[in-house]
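Two complexes, one shared chain (chain A), two partners (chain B, chain C).
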Partner chain A sequence: MRRDILAFLGALSLFLAAVEYLIPKPLPFLRLGLANLPLLIGLGFLKPRDLLIVLVLKVFGQGLVNGTLASYVFLFSLAGTTASLGTMAAVHRLGGRHVSLIGVSLAGALASSLVQTALAVTFVFGETARLIAPLSVGSSVVTGLVMGSFAEAFRSRSRWLAALERRYRSAAAPGGLS
Partner chain B sequence: MRHLRILDFVIFALALGVFGATVLWASTGRGAQRRVEIEASGERYLLPLGTEETLTVQGPVGDTRIEVSDGAAHVAHSDCRDKICIAMGDISEPGAWVACLPNRVFVRIIAVDDDEGEVDAGAF
Partner chain C sequence: MLMLPPYMLIEDPIPKAILAALFALAALMAGKRIRWGYFATLLASITLFHLLAPWGRVLLEIGPFAITEGALRNGLVRGITLIGMVFLSVAAVRPELKLPGRFGGLVGRTFYHFEAIIDGKGRLSRRDFFGSLDRLLLERFDPDRSDLSGDLPTDDAADSSAPSRRSPRPRRGIPWAAVAVLIPWLLWFVTMHGTG
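Now for the complex of A and B:
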């Protein structure tokens, strides 16, 4: 059961990455971050280990869809998503009831864009990459807010998600599975 | 938004701060890596593009004054006939140049390290 849910969330990431791929982008790094939604939603109920599994599925799925699996862009994606998930998990846990998914998502988007910009400056484009830093960070603030608002609204309203959480909890609770 | 909590605003303020910092970072770094190269009567001068400086050089028909300010360079005065060099205005991108042919003065921007300048049609 737990495995089904993780596979489903991974597949959802893959699907959302495909949807994202359809949306024209003026610049390659300006993306909405749709594929992060399963992570964002899973943050509320998945165990850390399962979150990592969804992260790996998301990064590989996105690499497959975008055709960047075998290029350095994949490493950017992996680093960005890992930084984002780490930050989101920390903010979610430490913030408790004082923070909504909007703040969590914003913090995650910010971490991701900062890490990717730092990588770009250090390894690939040199100092010229500092010119894209404001663009990258600025767009991540906007998309982080949009994704966070959606995730927050979705989590508070969706009965389907509530059912999914219950199923996950009952599968994970007896102790044997997780 | 009824969902917003106190920390959301804190994080948003932080995000704006980081954004401001990157804007500042991007704008201050600009031009620091570039130099103005001036060639006149066999001499070659190098000035950092980031400084405020005026240089007057001599040529066959008289003086040519080059001013570097605000991350750009231009010819401010020249004793030549047509003043085309003055009309060419500011240059700041690597590879851009201004010349005063009668006075044999050549001014151009050169990039230091891996500064490749702005993306232009040549990138495609």
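Now for the complex of A and C:
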């Protein structure tokens, strides 16, 4: 059961990435980060190891679907998502009830943006690409706030998520089905 | 992947562009679509950022902006390298890729669920996005159901090491694959001796 839950969360991530592809963007490289929703909502109940599994399924799955598994795109995605998840987990753990998913999402978006900008400067665009850093960070603030608001609204309204969390906790408990 | 090392080592933009075009052709022959506009924009933006750090002989001056040979070459080489890697990856990687072991089984399950969700995407409503998404998710994966794994592929099904599940390798493709691998190596050899 636990593996089914993780697989479904990975699939949801891929689905939301496909949905985001259809959303018109004001800037061609702007990404809303919808695919991170399962990680964001999973922070509240998934164990750290299971969060990492969902992360790997997300990044690996997108690499397979888009065919970019053997290219720099995969490395950028892996680095950005890892930085984002690590930051979100830290903020969530340290902030507790004092930080909403909006704040957690904002921190994750900034971390991802900074890491990917650093990689872009180093491996793609060269030193002059530091000029785009303010734009990249600024856009990540906007997308982080939007995603965090979306996640809060989803978490408060979703019957599916409430049922999933119950089922996961019973499956992950000692003696529960794995 | 044997085609990657010589492709990465070639520093001349023209043979690099030839190889990138071959990779694009391979991707198209594999049935993949290429967003030419996106890659053209990507190449232009990478080149532009490199031009902002002038280096080498000045080719053209547009007001205060100087297009230099070294910066142009660096930008083109870097951009073509990255785009070619994507084309090669798109040609080589397929979603049907079978991975061994428990991780392969998990990936298989993920794609199983992904296809199930995608099938229901028409039920999503812009007016009631949360509600429609919630209903779709409950329909495709109801956590309160007692048995969810009954019709799911088992982990063993994704294990490509099981001999009985292996498809016979097409031997007739091997010479063509060998030719495809040789081309970048030959181009690299020629460019090395040409610049030497």
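FYI, the second predicted complex is superposed on the first by the 165 of 178 C-alpha atoms of A that agree within 3 Å, B and C clash if a C-alpha of one lies under 4 Å from a C-alpha of the other, contacts with A are read in each partner's own complex, and residues count from 1 in each chain.
Everything below uses one rule, namely that a contact is a pair of C-beta atoms (placed from the backbone, for glycine too) under 8 Å apart; a residue touches a chain by one contact, two chains touch by 3 or more.
Predicted, not measured: the structure shown is a model, and the values here were computed from it.
S.K.: For the overlay on chain A, clash or fit between chain B and chain C?
M.R.: Clash: chain B and chain C overlap once superposed on chain A.
S.K.: Which partner does A:18 reach: the first (chain B), the second (chain C), both, or neither?
M.R.: Second partner only, chain C.
S.K.: In the overlay, answer first, second, both or neither for which of chain B and chain C A:124 touches.
M.R.: Only chain C is touched by A:124; chain B is not.
S.K.: For the overlaid complexes, name the partner, chain B or chain C, with more touching residues on chain A.
M.R.: C
S.K.: Looking at the overlay, does A:107 come into contact with chain B only (first), chain C only (second), both, or neither?
M.R.: first
S.K.: Between chain B (first) and chain C (second), which does A:166 come into contact with in this model arrangement: first, second, both, or neither?
M.R.: second
S.K.: With the two structures laid over each other on chain A, which partner does A:152 touch: chain B (first), chain C (second), both, or neither?
M.R.: Once the two structures are laid over each other on A, A:152 reaches chain B alone.
S.K.: Contact-wise, after the overlay, does A:10 reach chain B, chain C, both or neither (first, second, both, neither)?
M.R.: Second partner only, chain C.
S.K.: Determine where on chain A the residues touched by chain B overlap those touched by chain C, and list them.
M.R.: 125-128, 131, 153
S.K.: Which positions of chain C touch chain A when the two form their complex?
M.R.: Those in contact with chain A are residues 1, 4, 27, 32, 38, 41, 45-46, 49-50, 52-53, 74-75, 78, 82, 85-86, 88-95, 97, 106-107, 109-114, 116-118, 121, 124, 130-131, 133-134, 137-138, 140-144, 148-149, 152.
S.K.: Considering the complex alone, what residue numbers of chain B touch chain A?
M.R.: Going by the criterion above, the answer is residues 1, 3-8, 10-12, 14-16, 18-19, 22-23, 25-26, 29-30, 33, 113-117.
S.K.: If we count contacts the way the header does, which residues on chain A are in touch with chain B in the complex?
M.R.: 91, 95, 97-103, 106-107, 110, 114, 117, 125-128, 130-131, 133-134, 136-138, 141, 144-145, 149, 152-153, 156
S.K.: What residues on chain A touch chain C, complex-wise?
M.R.: Its residues touching chain C are 1, 3-8, 10-12, 14-15, 18-19, 28, 53, 57, 60-61, 63-74, 124-129, 131-132, 153-154, 157-161, 163-164, 166-168.
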